[in-house]
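These notes open a run of structures that come right after.
First subunit A sits with subunit B, and in the next complex the same chain sits with subunit C.
Take a look at the complex of A and B:
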């Protein structure tokens, strides 16, 4: 979400200024531009321009038009099907677990606030702070039944060695666990922040009306933070469908065990870096962008996320 | 509407700006401008490169330590190709298969060295070791170290159990099956990724990656040199005498600690870097024998698992001579190579290197006769391919998986063939 999806917030932000114009006042317009301007600039420089350049790269080779060759080559590549399958399984596993983890932990923190709340948020955030080769080693040991604190659990799932854990169907589960551990912390902080900003009077009213903690969560708090949940969902879908860091990091700890084209984004990376084919890499990256935008569009329209004045 | 127009204008402007930045070569601070020799080596090779720099104060040399990760050098060279600047003049590869990528037309990075390094020097390398660097008769790299396979074994355990060190693969199979039955958990080999494919299929001469040129590769797993490996391993996999656990897995170290590794055919570097440091097998127990021989043969052919190589850039221009000189020194200087951690590719250096190794108290007996024989008998037909990673992954997905589930290994070769064919094609090879 931090580094993987530079394009998602743009989709979010460009929609907001398009809200109905109520007052046509010069001062307002200037203020709006002052606020939106810097973002628009970054969006253009680091979102639209690279995307435009990618489009150019995918169609033009050495100054001449190469037609749809790159695009057909990408969709003909047997690795794309495998990678797409892997990523789909990953999303199906990871997204619900992540959302449930984030929601349950954030709501629990909010329902029982105490001195430990701050410390706990830090604890949830920690796994995401370990990166690079340290993370590779850490996770390699986590999935090795002989050294892992979860050894008995792994053995229960018929994982006897790290080789078992990183091969076949168990690899996607390992990556999903890794993904949840790394990403949940940040979202818990965000959602907890949203919860603490909820109007006290509404919550008190619910309490006076005799709503249980569960009902308060389900019927009062959750609807009010709905847009935040939608945002978690969009960003996570985008970063999940572009999953790259987890399999890459894990494969540095276990060289040769994980295919370098396990995920779609890795395949795009391999096109550019190992095959020296930036055209194909650009074509595949744009496809990924389209998937992410489509998902964002669906979530935004379905949750009426930015319908500010109908609320 | 107006806002959208403004935004799109800004986008166009930014696009124009970024396009300028891209073609203008803003960085331009590669070796080219300063006449500086840019050398990329891994951590292990850095002191030697620094030593060369010190010995040549008249030359401007910049030594950069690069990570040893697979794919790092192609990634950087690919980016340099894009910006048309910043290529290193000399580069060390921890994965020599990458020579196939860097020499390809698309990368056009590696310079052919035939005219730059005399044949007499090239002939000084272990026979067949430069095959990795050679495509269509042109040599694109010099090997730094090689990783021929030998039959490592635990001499104490062999003696304790009363087994003879096998000379043929048939004997190897017998010992393996017997040991697995009488001493449950004991293994005599590992079949995972490059360790399995490079050791067994490599030594048998099975054409899994026989490069005919930079764009043509011979893959045919129906050959007897392939099926005999499947037949050999079939009963052994069933009896769990060979394991699919990768030797770098902590679980493999556990096998070592529990005295379960009776034999392990594997690369030369296993001796110094795996048995002691990783598997924790005490000194005085490990010994090396030549690889067992295949039916109808008397030579103990070795497979290969690893090694390193040096490349010179085709963009080095007037620094080419200096670049080649550095590479020659790094790979062939006997005194320097004798100090390096792994088996030198240059034969004269390997002899000198072996003098120390022969006296190494870690080994139960001098491993050098076996290592020297292995270096002299590299099985031909094991080329550098652009689909090295898929070569490993597909082996595990087909052969490894089948061995685990007790399936038919000959059948697994068929699916491995399919995957190799597909991988070779995406690597822009024609399979013949």
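Take a look at the complex of A and C:
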């Protein structure tokens, strides 16, 4: 790409040609750790320390070391199989639809940026801004055919009452649609931001070459934002496999219709809050972490996300 | 022929974007209208009916009747918590993201990997250990027990990392190095001015996280005068059974329209934050165009 010409930084220190290399390199190491050190400290204090403690608790039962007892208890729990099945179905439905929604909307917006682009992004983001009790209220009304603006659509799908929408196979579909509505907007903003930051000359060159909008998207833009897409994939897989808010929110609106242990993360929550069994909660949380990490590892190695020389 | 094709593709594009806008926008339109209506009208009236503006005032008065307007106190608390943790998170994330993207050093991959690990660790797994940690240093129950853990934001580090990796060419840094700029100076004078879009995104998503986080303040705070808005509203609406009528005491006039209004109050700052962040993103873009 063409190099940008920034305001030329004043020469604060003149490097004498005789300056030994080692001093320079040490200067860089000091600067590196000055810049990243504070974060590393917070990572240790508020990330690794509690995670390590959680790992330790997963091997403790009633105050004494108990080996893998918590782990086997978790894997023997009949509720885990059901929850894992629910979450798998949810992921299979939600993740592809989410990715497709995010990619298609971000690229369509970016193909011809106009005055309405910002406003549309705000609208796409709105459902994600509603949280807590208001979200419970909102979504319960959205799936009730008589009071929902989507009523005609729901009736078309043979949903006559909110109970219909929240029972059997339609529950997971409702949750997936809700999950897309809540999560897509934020990612559209991230991806659109990444697209607008791309160097203009490359995109212009593609236009001059007569590449169609579709080809430009597929062969120029998409490869250039692939690390962002990888990041969306890693984060979304993790948040989807740990789905918690959507089923919890719907069940506060319609108590008794959705199992309190519908998802794996909800089961971990029940262990921690109702049973007071933090060992089992920790073991299950770490299992979810392992699943998320496996996906992350696959994505990172496939996309060379960590490379310092993507250009 | 080609004119007809472009007209067609433009039409299809507009249809797609507006269809999506209807899908994402209708739920919020409903929520916006809900406080103007009565609880009965919400279930029996037309889905997008409008009641009266006077009802919004009534609904607000009902919310304010809870503990002498404690809701305003919660809003103030939430603003303080969020502002402090976002400021701290930016100070930590932006330099870290820059170094991880542009310096090759021992420990780089480890830091990136551990950041991913802590980013996708279920938050519920961290909350109890964090509480014990905060109790050990006598901070549990104070505002620091909320601010400090929330300012650790690996997601923000990744946003900064990806931004610098994609948009800050090595040649630019090398040119400044030849000019004799120190490494810290490089960050301050070369990287930071190009970081506007990343700063806007981190500030926005960090704000959303702090503003909507429920579980951490729920565990850390016990005095309802230190509650965040989310925490306060949850206790208010649950104790009055506004969302479902199965529980709660009914002497306060808090029902579904009040719950909807409370939700709107809680999400209004997020919309303001979104508009501000977008403005910041756009100005960053213009600056880049001038230079290019």
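Rule of thumb we're sticking to: the second predicted complex is superposed on the first by the 283 of 311 C-alpha atoms of A that agree within 3 Å, B and C clash if a C-alpha of one lies under 4 Å from a C-alpha of the other, contacts with A are read in each partner's own complex, and residues count from 1 in each chain.
Everything that follows uses one rule, which is that a residue touches a chain if its C-beta (ideal position, glycine included) is under 8 Å from a C-beta of that chain, and two chains touch if they have at least 3 such contacts.
These numbers were taken from a predicted model, which means no experiment stands behind them.
A.B. asks: Kindly classify A:275 by the partners it touches after superposition: subunit B alone (first), subunit C alone (second), both, or neither?
C.D. replies: First partner only, subunit B.
A.B. asks: Tell me the contact category for A:257 with respect to subunit B and subunit C: first, second, both or neither.
C.D. replies: first
A.B. asks: According to the stated criteria, A:146 is in contact with first (subunit B), second (subunit C), both, or neither; which is it?
C.D. replies: both
A.B. asks: In the superposed arrangement, which partner chain does A:209 touch: subunit B (first), subunit C (second), both, or neither?
C.D. replies: In the superposed model, A:209 contacts neither subunit B nor subunit C.
A.B. asks: On the A-aligned overlay, A:45 touches which partner chain: subunit B = first, subunit C = second, or both, or neither?
C.D. replies: both
A.B. asks: In the superposed arrangement, which partner chain does A:231 touch: subunit B (first), subunit C (second), both, or neither?
C.D. replies: Once the two structures are laid over each other on A, A:231 reaches subunit C alone.
A.B. asks: Once the shared chain is lined up, is A:53 touching subunit B (first), subunit C (second), both, or neither of them?
C.D. replies: After superposition on chain A, A:53 lies in contact with both partners, subunit B and subunit C.
A.B. asks: Have a look at where A:79 lands relative to subunit B and subunit C in the superposition and call it first, second, both or neither.
C.D. replies: A:79: touches subunit B, not subunit C.
A.B. asks: Does the superposition put A:163 against subunit B (first), subunit C (second), both, or neither?
C.D. replies: first
A.B. asks: More residues of subunit A are touched by which partner: subunit B or subunit C?
C.D. replies: C
A.B. asks: So subunit A touches subunit B in one structure and subunit C in the other; where do those two contact lists coincide?
C.D. replies: The answer is residues 14, 40, 43, 45, 48-50, 53, 140-141, 144, 146-147, 252, 254-255, 272, 278 of subunit A.
A.B. asks: Note which residues of subunit B are touching subunit A in the complex, please.
C.D. replies: Subunit B reaches subunit A through residues 3, 7, 10-11, 13-15, 17-19, 22, 69-71, 74-75, 78-79, 81-82, 101, 104, 106-107, 192-194, 244-246, 248-252, 254, 386, 389-390, 392-393, 396, 400-401, 422, 426-428.
A.B. asks: Tell me, which parts of subunit A touch subunit C in their complex?
C.D. replies: 1-9, 11-15, 27-32, 34-36, 38-40, 42-43, 45-51, 53-54, 57, 101, 104-105, 108-109, 111-112, 116, 118, 120-142, 144, 146-151, 181, 184-186, 189-190, 193-194, 196-201, 213, 224-225, 227-228, 231, 234-235, 238-239, 242, 244, 252-255, 265, 268-269, 272, 278, 281-282, 285-286, 288-289, 292-293, 296, 300, 306, 308-311
A.B. asks: If we count contacts the way the header does, which residues on subunit C are in touch with subunit A in the complex?
C.D. replies: Per the stated touch rule, the residues are 9, 13, 16-17, 20-21, 23-31, 34, 42-45, 47-48, 91-93, 95-96, 98-105, 109, 111-112, 114-122, 124-126, 128-130, 132-133, 148-149, 151-152, 154-155, 157-159, 162-163, 165-167, 169-172, 175-176, 179-187, 189-190, 193-194, 197, 200-201, 204-205, 208, 212, 214, 230, 233-234, 237-238, 242-244, 246, 256, 259-260, 262-264, 266-267, 270-271, 274-275, 278, 281-282, 285, 288-289, 291-292.
A.B. asks: In the complex of these two chains, what residues of subunit A are touching subunit B?
C.D. replies: These residues of subunit A touch subunit B: 14, 17-18, 40-41, 43-45, 48-50, 52-53, 77-79, 140-141, 144-147, 160-163, 167-168, 252, 254-261, 272-278.
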